[in-house]
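As structure tokens, here come the structures.
Both of the next two complexes hold chain A, though its partner changes from chain B to chain C.
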Partner chain A sequence: MAIAATDVSKDRSQARQKRMIADHFDKLEHAKETGKKVVYTFVPGNLTELIDALGMLPVLPEINALQSGMRKKSAEYIAEAEKAGHSEDVCTYVKCDIGMLKSGNVSPTGTRLPPPDLLLLSYTGCFTFMKWFELLKQEYNCPVVMLHVPYQADGMITDEMRRYIVDQLEQVVIPAMEQVAGKKLDMQELEKRLALSAKAEDDLVAVWESARHRPSPIDGYFGGVYYIGPIFSAFRGTEDAVHYYRELREEVTARMATGEGPTTPDGPTTNEKFRIVVEGPPNWTHFYDFWRMFSREGATVVASTYTRVGGLYDLGFRHDSRRPLETLADYCLGCYTNMNLPSRIDLIEQYIKRYDADGFLINSVKSCNSFSVGQLLVLRELEKRTGVPGGFVESDLVDPRYFGKANIDNRLQSYFQMLEGKKRKGAQ
Partner chain B sequence: MKCVVGIDLGSTTTKAVLLDERGSVLGQGITNSRSNYAVASSVARDEALTAARFTMLERAFESDQRMGSVETQTLLERLAACFRLEVYLAQLEQLGRVMELLLAGDQYGRHRSETEAPARDILAECIRDAPQLFVPGARRKSDFFRDLAGAAFMAGAERRAREGQVVFERIVALFDRAIFDVETWLMNVEFATLLSRALDRALPDVITDSVRSDVRDEIKAIVDRVATVPIEECSYVGTGYGRQTLPFPKEAVRSEILCHGRGAHRVFPGTRSVLDIGGQDTKALQVDDSGMVTAFQMNDRCAAGCGRYLGYIADELNIGLHELGPLALQSTKVVKINSTCTVFAGAELRERLSLGQRREDILAALHRSILTRAMSLIARSGGIRNEFTFTGGVCKNPMATKVLGELVAEHYGSDIVIHTHPDSIYMGALGAALFALDDLQAGRARLMLAQEKGIAS
Partner chain C sequence: MIRERLDPAAEVLARAEVLADDLEMRSVRAFKEANPTALVVGHMPIYAPRPLFEALGCLPVAIFGAGDQLDIIRGDSYFQSYICHIPRSTIELGLSGRLESVDAMVFPSICDVIRNLGGMWKLLFPDRLSIYLDLPQNFDSAIGGRFYAGELRRIARELEKKGAKPLQAEALLLAIADENRRRELITELDALRREDPSRVRASEAYTVVRAGAALTARAHADLLDEFVTAAKQRHVRHFDNVRVVLCGSFCEQPPLALIRSLEKAGCDIVDDDFQLGWRMIESAIEVRDGEDPVDALARAYIEQGRPTASRYIADEIKGADLARRVRRLPADGVIFAAASFCDPALLDQPMLEAALRQQNIPFTSFKFAENTGQFQVIREQAGAFSDAVKLWGANV
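So, the complex of A and B:
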């Protein structure tokens, strides 16, 4: 999510993020020489603090995939994977990752990615994740460790669920990680990182909250994917992340004071016309086109569920250094796609009201069942509850074949004009 | 006379609707979209302007006391037909001029002499036979110049080719090149001139000797006045597929989804749900009591279930699109088509025919298949609320409306009122015109850029 192409904004925080990412990929490229062990893992429920406390380096295949999408490499990678026999219906993140691996495993910054020493599956809510690592295991022949995360079927996290995860962490996951790392976990190191996580999380929540201001100084979806870069990937629990979020919060606060809107691909904006909540991941191959379809119409996204995939801090969750394993358990259990449909509807309803949105839009992506399931039901129910009109477009994560630019543009324009009509009518 | 204009630039046809300041429809026009959007808009708009003048004529006739003894409807009908004849003749003349020019060009060289005379003769025949096309009760397959002139010209060319007088391909190629120019040639012949010629033709048919001569003069005076009263176009809104390329500023462009909803609601004010099946897309929308769209869905990743599906099937069977519905209505046995993909359905059709299944039954199944898809789109947009309006090209297909009626009753109950309208092709342009009227009333009216640039006549 930390996007390499930073032409969008010349903010200091942005420059820092870019440096952080470049450093990280550098470290990865030299992992063999420096003796660092490499862990491949996924964004939802990631155990970054634990990985870092054991002195290992994470690689996040989903983020590589989305970066490949943005760099227009995904079509070629997907074709590569399909040539190797992967069906058209497989999640395109997976195919993009497999294709990238088969094409030399070059990272988004152009460095080479090392093979994994461990495949750490710390969130099992999406079945695809398991299949994905099965495939990677065949390629790399390294150990896989799996943390089974129960679904919040009843809309809550129970003590039993938490206990179940902590048991797995103590008995399976941490011992396996220790073995690969070649050292014992130092609890104090973990606690130190968890405390840093919470600090950054506080600032991130303040950034999300700024969208309540009019005009919103941030775009909580297109801009938001930049903001979640550090915290959902390799940097949570680091000093770097704390600095990044401090700086970001300052920049946002400054924009709020001057009445400036978010920075878009076409520069800073001031003309907020519509406030939108978005559900579903963005499309990465046409990210800027998609963004412009909003910014051109004066539409700012004030909140999105996608930017909560790696943690719902705005609902109050913080990593808690006083109960390290329980807090990691809560984190894994609490990610957005692990919530049942009623809770997801409640959450979006809350966003629509809290951020005083004019509308909400669902981008239903072909690849991702975790997100797409029940979206039409979500749409109807939200319209009923809030009276705010919902819009619906369909695309994909990183397969450019599923982004019909003219169609999506047409839907969006119609949708915004519909909102405009509603506003005019309300004003009369 | 002040008016507002809505233009719907569709993928196959371009429609224009003119409203007066009170929002009553003055006129509507339609033309092939071709590739030149600015020209298509202008042609459709010109047609709408002509229709508007006829509406004004009707109003003037009806409000004139002295017209009591005249059958005004007959007069208007005759006048309209004669006017169309005059336009057709003017276009034929233009066609002749363009052909001459083309023949004078280098590429005809030695073929010029053998092509020129027959072409001139055929054209003279077309002109001679033209009035028959417009006599009362005459059936024309289409009112598009290309179709009318094409049919007449081809008949002449074929006959001469059979008799060995011309090389058919050569003369047809000449026609094809020339017709394009004529279609894009905007009628800069004075409306008033054409109308007065038309009146001269029409009057003897309608006005018997028993009608007093002062009434005759009165008719002439009214026609003269209406033909020349300035029509001021005060506001435009454009919509449709080509709407980004319409010669309008961005502010004067409205999404076709909104326009269709508004138009359907205007024609049937009880409308709350709308299904529009056009050639290239299907839309399901919900509107509120003022005609504003509140929710919509369109087919997104796949074009199965659009009107083109039926077009493709008609091509496969080598029959006209309008014959599909009536044929399907003759079905006696229910068969099921599994494929919703247009191309695969074509393959399934062929296979079933080869297995000996009846064409009528397969066609009925194909109709059910496309409407079942539409039903799921409707469900996604929020279902059907009373009343329900069906628009778009496919609503003219009797089998489609029948199947839709059955499906609606099955899923939403039999008390849903379903509307279709013969002019439903104009719904988008009508909605656009209503938005233009809003703009005019709110003081943010926009004018067609082409008008300023002098593209439009």
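So, the complex of A and C:
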């Protein structure tokens, strides 16, 4: 039986995050009364500082979808969308969101979500986002503004790419946002938020880096998705986020000092046996079951690529308040999903070596071609380059029909047994 | 000979079939032998700026996967079961050596699959050039147009480094003129089958257009011209079919036998989105006085681009263009035929269906893969649709 989110151990910072989220959804519920404008937008390549500087509130449909998955609501939402003619082949985040909308648009916390005043189609590295907002455009009577972010096909950001984004921000995106907000953008407000972003980013990187310690005081995948919550969503560029990441860093530092492992659904880890790097998004419908398949075996995830979809701060990027629009452009261009396959392989290789991993695992999700296409080649390349064994499981983001619990568990057990054998052989 | 006497288009159609089925790339190898220093530039669907490649002295080759002509052995081992078919067969073509004469591959930004396939190509074929063509989604000439013109110049520089001729304005002007002639003839072919679908079947038009995949625009235009001229001389036997628009074969192409099955089921396909790239730019590419032809090529994409699943539609209701086309042709209904797991086409479909429903235009839908081998169910479904449309029209 699946365990409810409320039955699991949590850190103090998690409680703070929960309060922040509840407060945000409360503001959203009362947005029409308070006159706050609501912007629906996406996580990778989001323009949170800009939205906040114009006094608007963001809603992130992917996060609603994943929360619906964790709260066991996604199956009925997906069924609702499929009943309305959406194909069984396509992204379940989209169908979950459409189904949620058709079912009254009640947020994962139980509050009612207001309709958008603006659909801000700023997406990085996933074409489905474009179709998603085309679909939402049919449902809502509001303007849509697009920010097209070029792809890092050759593994680098060029001046032409940056200029293209800045041109769009200056001439299309900001004017459209100002019109909806009913006020001009105050650049100083934007700069202030960008500076706050950089502070939080420093602390987040320290948290990621802590995983180099043995035992790792964090789980960089299952725990990591909580750590990225505020910075990838509505809170980057806020004082709240700065406080959250400072508190998180302190917690992690304290665990490192006492040699404690990460907090798992069943309490703190005491037996780090395997250090794993994970590629691909988690499954949300069986999130805690999936996590336990690792924690039960003493497997800690020391780094993951999913936690970099909203920014690769550990490669050095920080929002720079001295060049506000250029820094937003660089942020959008630099997210993990905007990296080409060879760069993604280089990064995972780097993580395997930097975090001294015993193995790496690919969770290939049906819904996400952006992640999944090429992952079997990623597996081969990484094994060839590092000699570290890779594992491969398949599931989905929020469609419970694609989470074969026994199958995944068997595969993972075999994989960890193989790692165990390899370790024993190495010790002899 | 008897066949040719009965059908004046038989001979040119037979030649087109050979070219369209040329998975062994014989014509490309022949081109390389005749032009040893010239490059061959392969490109994935749906659109690539072929005149640019021709101006650089390259032979553009449209790669549409391997259809139902090749057993996929190694290609499948690179993809999970829920990925569409075209990347599997394209990898198979590459690993089996069939694309050895292709010096560079262009991957246009149409979906996540083709995009990531470009990255895979870099890793699997490091000695070949793998180029990502980032098509803009901002359709302001001063913003998206400038970015795209920059992309075209970047690609030209990459090909020049690989050995292509330096880009000259005169050469590009000539290539654009050749492309415009090809497009005129495709338009004429489309008009011919629209006006009299019994004269030119959709499956024939498909073959003659597909034959141009590895031809220069000029050679393809000559072939199209020959076919159109011959088709006009045909004695035609008319069928009591319904007129349909086929929609959704966005990138991966259905097997030819599937198109023929639809025809046999009583459907005249009077418009379609097969091989979209040839018709991606609507009407001729115009070069203004004093304009750099690279900018003209970019402007044509920005201003004259056909609405497709890979192009962001900002100002119009999605599907409005399809509904207008159905009325204009006119057609009796729409058949949605999307490749399994094709995100862009399948995510578009509910919006297109809504637009058709609003206009009382009947439609039906099914999915295919490029190597689909069983057509009976599809034929029955299309037959039932055709009968229903004939009996009840818009009330289906």
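By our rule, the second predicted complex is superposed on the first by the 417 of 428 C-alpha atoms of A that agree within 3 Å, B and C clash if a C-alpha of one lies under 4 Å from a C-alpha of the other, contacts with A are read in each partner's own complex, and residues count from 1 in each chain.
Heads up, the rule we're going with is that a contact is a pair of C-beta atoms (placed from the backbone, for glycine too) under 8 Å apart; a residue touches a chain by one contact, two chains touch by 3 or more.
As the structure is a computational prediction, the values presented were derived from the model and not from experiment.
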item	value
First, second, both or neither for A:Gly182, with chain B first and chain C second	neither
Which of chain B and chain C A:Gly404 touches, first, second, both or neither	first
Chain B versus chain C as contact partner of A:Glu160, first or second or both or neither	second
Touching partner for A:Leu376 - first (chain B), second (chain C), both, neither	both
First, second, both or neither for A:Gly421, with chain B first and chain C second	first
Partner chain in contact with A:Gln413 - chain B first, chain C second, else both or neither	first
Touched partner set for A:Glu394, first chain B, second chain C, both or neither	both
Touched partner set for A:Cys126, first chain B, second chain C, both or neither	second
Chain B versus chain C, judged by how many residues of chain A each one touches	C
Where chain A meets both chain C and chain B, residue numbers	366, 376, 394
Touching residues (chain side chain A, partner chain B) in the complex	366, 376, 380, 383, 389-390, 392-394, 402, 404, 407, 410-411, 413-415, 417-418, 421-422, 425
Chain A residues within the chain C interface of the complex	84-87, 89-91, 94, 121, 126-128, 130-132, 134-135, 137-138, 144, 146, 148, 150-151, 153-154, 160, 163-164, 167-168, 171-172, 340-342, 344-345, 364, 366, 369-370, 372-377, 381, 394
Residue ranges of chain C touching chain A (in the complex, touch as defined)	77-80, 82-83, 87, 109-113, 115-120, 122-124, 132, 134, 136-138, 140, 142-144, 146-147, 150, 154, 309-310, 312-314, 317-318, 338, 340-344, 346-351, 353-354, 367
In the complex, chain B residues that touch chain A	254-258, 290, 292-298, 300-301, 380, 382
